[in-house]
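The two complexes that follow have subunit A in common; it is paired with subunit B in the first and with subunit C in the second.
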Partner chain A sequence: MNLAGILNQNNLNRQQRESVLGWALILPAVLIILSLILYPIIYNIYLSFFDVNLEGGNTYIGLDNYSNVVFDSVFWNSVYTTILYVLFTTIGTTLLGLIVALAMNKEFPLRGLVRSLILLPYVAPVISVVFAWKFIFDPVNGIFMDITYEKLGMFSERFNMIGTPEYAVWVAILFSIWKGFPFAYLMILSRLQAIDATLYEAAEIDGANRWEKFKSITFPEVYFVVGAIVLLRIIWNFNKFEDIYLLTRNVKVLAVYTYFKAFTGYMEMGQGASLAVIQFLLLIGFILFYVKRVLKW
Partner chain B sequence: MKKAILIILASLLILLPLSVFAGGAEEVQEAGPVSFDFWTTETQSDRMATIQVLIDTYTTLYPDVSINLVAVDENDLATHVQTASAAGTLPAMFEAPAETAVAFGVEGILDTAAVTDIVNGIGKDKFYQGALKVLETSAKDGYYALPYHGWVQGLWYRADWFEEAGLEPPATWEATLKAAKYFYKPDENQYGILVGTKPEGYAEQCFTPIAMANNAALFDKDGKLVFNSPEMKEAVEYYAELAKYNPPGPQTWRARDYYLQGKLAMFYYSTYIMDDLALQEVAAGSLTSENFENLKGSGFDPELVDKTKLAPIMTNKASAGYGTVVAFGLFNQDDSAKTAAAKNFIKYLYTQNAYITFLHMAPGGMNPMLKEISTNARFQNDPKGIFKHYGAEKMGEIIQGLDSIETFSIVDGNRMEAASVITAQQIIPQMLYKVTQEGMDVDKAMAWAEGEMEKLVK
Partner chain C sequence: MVKNKSFLNRAGFFLLVMAIVLFSIFPFIQMLSTSLKYQWDWGNPSLIPTQINLEAYKELLNIGQGEVELHESVQNLIDETPDITKAQKKAIIAKFRDTSSVFPFFRYFGNSLILATIAALLSVSIAILGAYSFSRMQYKGRSTIQRGVLFVYMFGGMLLLIPLYKMFVSLGFLSTKTGTFTSLIVIYLVQTLPVSLYMLGNYFRTISFSIEEAAMIEGAGRFETIWKIIVPLSASAIVTVFVYSFMIAWNEYLYASVFLRGFERLHTLPIGLQTLYYSKNAIWDRIMAASMLTAVPVIVLFMSIQKNLAGGMSAGGVKE
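Showing the complex of A and B:
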């Protein structure tokens, strides 16, 4: 029976008919969401309790995957790397975005051009900028070593900034800040432009200096935008994979560690699934806390 | 470029039907249209273009067949295959290094009967026996995949530098380490040697002949894992020592550019490098100081090919060489028409003209597995002039070398399938990375690797 048929049945009143129509109209969207979002999540949670065998025949092993993951020191290393990465990239992108937005809010010649050029790192494809960065930091031919070691003599020897394990995470952080700050800049700038100029005029009459104006007017005005940007950045970077993996494979944040666990070597799909669940729980816990305390919803 | 492809296509079209029919008209064409995927590890765009030309030629002859060429990075192949296998979406046909193909065979996802059938059709005795041996099933009743081309690896070195310094060629552990130390001058942006230290297949390719030269093995002849041995430990320690004279940080084969720029004394590489050494335009396309004139180092040296020599064998307690056979294989399919079509396509690729066109993608690097092709005049007259440059005799030696390939997976003539699985999962490269880059203690790293290997063997 088609939709018109159901709607024309005379035992439904007008309100009921509208409600049937409403459900019918959102049904395709609901089905898509259920099948594409909810099903994979539930299946992933289901897999995390099994020893997964790719040729079929999963065995239920309870919480073994979780205990195997949590009692592995590599896991805690990757939690530490993730926190380091998220913390510094979030602070870096937000601060840099704020500073650049404040500067771009002033009048100066060619402002329109400069404003759009700043967006370049954000809109350029990851893979092409990753290759450019690899060239820049190449230990033998790269421009970075040429300037810092050859020309300025800042280091005692050439070294591989991207590849060396102890520096790699800092390059990844630097890369993420460079690539992500235009987003914060864009959001903050648009909020800045909406601040009423009379507020600043009134503050000047009261004799406020620059810092006081920033503290009492600008900051409260952009507070919630910054709060939202920080939240988004934390969510994005907590799950960040492609930037880090393409740039250097030895920065094992949780997302990269999960990939290695689940899809390379002796493929531990079940443990990979449990890692994803742990990551999800950590993130949800943090978001709930953040939304309550910082965004004060 | 387009014109060239058209000309090749046209000439193949003219020549091909002849050779196909000459080869035997017993080919049975499948009923109805059939389409299959072909995964290749030749990811470079110009190589893909050549394979596409062959596919286009074939599908013109057989309009009912369509072939979808997919490029997969060699280092990601095992991962992709495992996931595709779980999802039931394996391609009908693939190209992969022999070790990887054997690992797939051990998992039971290969159609060995169909492959063996092709080998018998072509004639076992027409192949180089060493190459077939690498791909033989453990029951010795068939083959996991078909050897199609192969390369030999060795230590390429600056013969002129060695001569000037009065050093022995890097054919032994001692001479190699001595030379690496001698030429390591980081202040002048010059490095002693390139061995793989990134956790990728290249590291194992460099490590294998070094370890085998010390009689180190993964398995004994009874198939018992004997990885954690004093010989292996010595080899890992020696490798870590060599890696100190590498360019800074984790390195892989891409650093061969440093050699072309005159910043490196020795590097492990396959015969694929012959191309780059002999042809200035190829090398100029890479990162040279000609393109970046402010950078320290010398420009591309057109005489480099004459100053370069190859040490294919490493000697310590024993002697070992290394090379890889690249093979075509067939994954099990639900639809037998796909396998039949892929089988036919492989047979076509073994016909003379198609074969030579394929191998000419990388003369020197891609060497034939059929004896009659290696002496074929058209094969020896390659478009890049590599044969002319190096001489047919030297090239012949390289191809002959493929007959005596040694790897961890062949012990006393017995194939150790578990060794291929270990290679496919890149456990040794990861261990070498831990030792050389993360500064992990050799014993600890080897214990880790042994643990991972035991998981796989089990």
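Showing the complex of A and C:
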């Protein structure tokens, strides 16, 4: 039989078949995502207008959940903490990632080993590294108090850094930078390696110094990837829960505050749902501000 | 002069690299060090233990824990008090030998392992089909689906936690062990699916279509092509995606902490460790040893896929 003939004969059919098969293959994934991500989000918005009762019916209470949340000063505190956290962790991870990427782009002995070692913070499970961090800042045994109090005399007494909310947030920020910088570094490094080396040679011939080379060659080349990293980091850290909650329960960013509201004490799930909606809206606002004002896309 | 400057440059660079490495690995060194120290040594800032203490690891791994030694004073008390009956003696000894308060490391490890493995396997299998569909086939609605998958990144765990919890409670899943386990598997599956779809889709696009075409001209169907050509050719990408999904499930705390409340026997390692930390005093050595044992499998897995890592991530599919 003639192959071309068969293909011609079934031409229309084949396209339809392809379409059906294409949908059939993607369908399981689409169904799972629709039922376990899209539907719950809509359901969450629905729940935010109700007094939620786990055992039985929900009572419609209009905007009461929202007003209860918004007129609570604790809420505004956690908005402030969240913005502080997102701002400093984003700047910190990106800057450190950039510096490390620039350093790792140079040749030096044992570079392979060093590159592997600095991935460890990113790789290790949060739950296993938080305890080491707690220990470092432990008031009795920790090395931080040993250096700052015993050796440098910076504080008048040993105290619990992680137990004091105004200091704990900075420990959480440092922890997040430590955990997140390898990601930024990897992304920036792979971009750096793609830069054409002749550009630098040409600049050197023109007598450009190191800073000028960075400003007019390196930076424009990595600008896009840095912008993308910052965007991802804002999204991730705005929603961050585990890295903060497991390290300290004293830093009440929005996600931690919602968790306490919805799953401890009175288990105010309706208020929790409205908090989650507010948090999502704030994130959208934050992203729009970043994309329009900072990136100017 | 020139020589001097380049020496200073190199020394500065060396110091910078040292600082970066130290910053990255110091907490791990601290973890290892404390896990090997005796309690009286904890406050000592030196990272090298004065005397090596392996008790924490032995206790967690259940080595030599068969018979708990009775403390001398207890033994004396029993021997020197003549008016207690044999039954009472037995009860006292049993109480001192009770090991149920010991951290059940293996059970938690097993729970985490089963959960993460099943979720990652399902995620990769469904993603292979889906990613093949949107990287290789032409049909209406394809690009909408692709973009929709990306959009999922925007939603944090907290936005989905309350509705999912309420849904699974209403369905009655959370009243049985199997139901609870299943619901967590499904949740981990959906958390890792977008990443898997995206990473695999990007990889499949790099495979030349002509090989597949040849197979199809030979008369192979689509499924046969996927199984015999696409899967073997992208084995390394599939392993990478599997490890990635496995890690997301292995590390997960938020959902596990809420869903597993009713069943202590189902607790995963993250939950177990957190409970251990808050339930007992003076356990730094055991906490650190358990942390080491939780981290090592993941680190080994990750290092094994490190080569593929940078490429896979920059190809677009990333989730923390």
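One rule holds for everything that comes next: the second predicted complex is superposed on the first by the 267 of 297 C-alpha atoms of A that agree within 3 Å, B and C clash if a C-alpha of one lies under 4 Å from a C-alpha of the other, contacts with A are read in each partner's own complex, and residues count from 1 in each chain.
We adopt the following convention: contacts are C-beta pairs under 8 Å (C-beta built on N, C-alpha and C of every residue); 3 or more make two chains touch, one makes a residue touch a chain.
Keep in mind that this is a model prediction, so the values were computed, not measured.
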Overlay on subunit A: subunit C relative to subunit B, clash or fit: clash
First, second, both or neither for A:272, with subunit B first and subunit C second: second
Which of subunit B and subunit C A:140 touches, first, second, both or neither: both
Greater subunit A contact set [subunit C / subunit B]: C
Partner chain in contact with A:70 - subunit B first, subunit C second, else both or neither: neither
Partner chain in contact with A:54 - subunit B first, subunit C second, else both or neither: both
Which superposed partner A:199 touches (first subunit B, second subunit C, both, neither): neither
Subunit B versus subunit C as contact partner of A:157, first or second or both or neither: first
Which of subunit B and subunit C A:95 touches, first, second, both or neither: neither
Subunit B versus subunit C as contact partner of A:30, first or second or both or neither: second
Partner chain(s) touched by A:21 [first = subunit B, second = subunit C, both, neither]: second
Against subunit C, colliding segment of subunit B, chosen among 169-177, 187-195, 385-393 or 439-447: 385-393
Contact residues common to both interfaces of subunit A (with subunit B and with subunit C): 54, 135, 140-141, 143, 146, 263
Residue numbers on subunit B that touch subunit A, as the complex places them: 79, 82-83, 85-86, 107, 186, 189, 191, 198-199, 247-251, 255, 257-258, 261, 263, 287, 292, 294-297, 425-427, 430, 433, 437-438, 452, 455-456
List of subunit C residues in touch with subunit A within their complex: 13-14, 16-17, 20-21, 23-28, 30-31, 34, 42-43, 45, 126-127, 129-130, 132-134, 137-142, 145, 148-149, 152-167, 169, 186-187, 189-190, 193-194, 197, 217, 222, 247, 250-251, 253-254, 258, 269-270, 273-274, 277, 284, 287-288, 290-292, 294-295, 298-299, 302-303, 306, 309-311, 313-314, 318, 320
Complex contact set, residues of subunit A against subunit B: 54-55, 135, 138-141, 143, 146, 150, 157-165, 249-250, 263-267
Residue ranges of subunit A in contact with subunit C within the complex: 3, 15, 18-19, 21-23, 25-26, 28-30, 32-33, 36-37, 39-41, 43-44, 47, 52, 54, 99-100, 103, 106, 108, 114, 116-121, 123-129, 131-133, 135-136, 140-141, 143, 146-147, 178, 180, 182-183, 186-187, 189-191, 232, 235-236, 238-242, 245-246, 254-255, 258-259, 262-263, 269, 272-273, 276-277, 279-280, 283
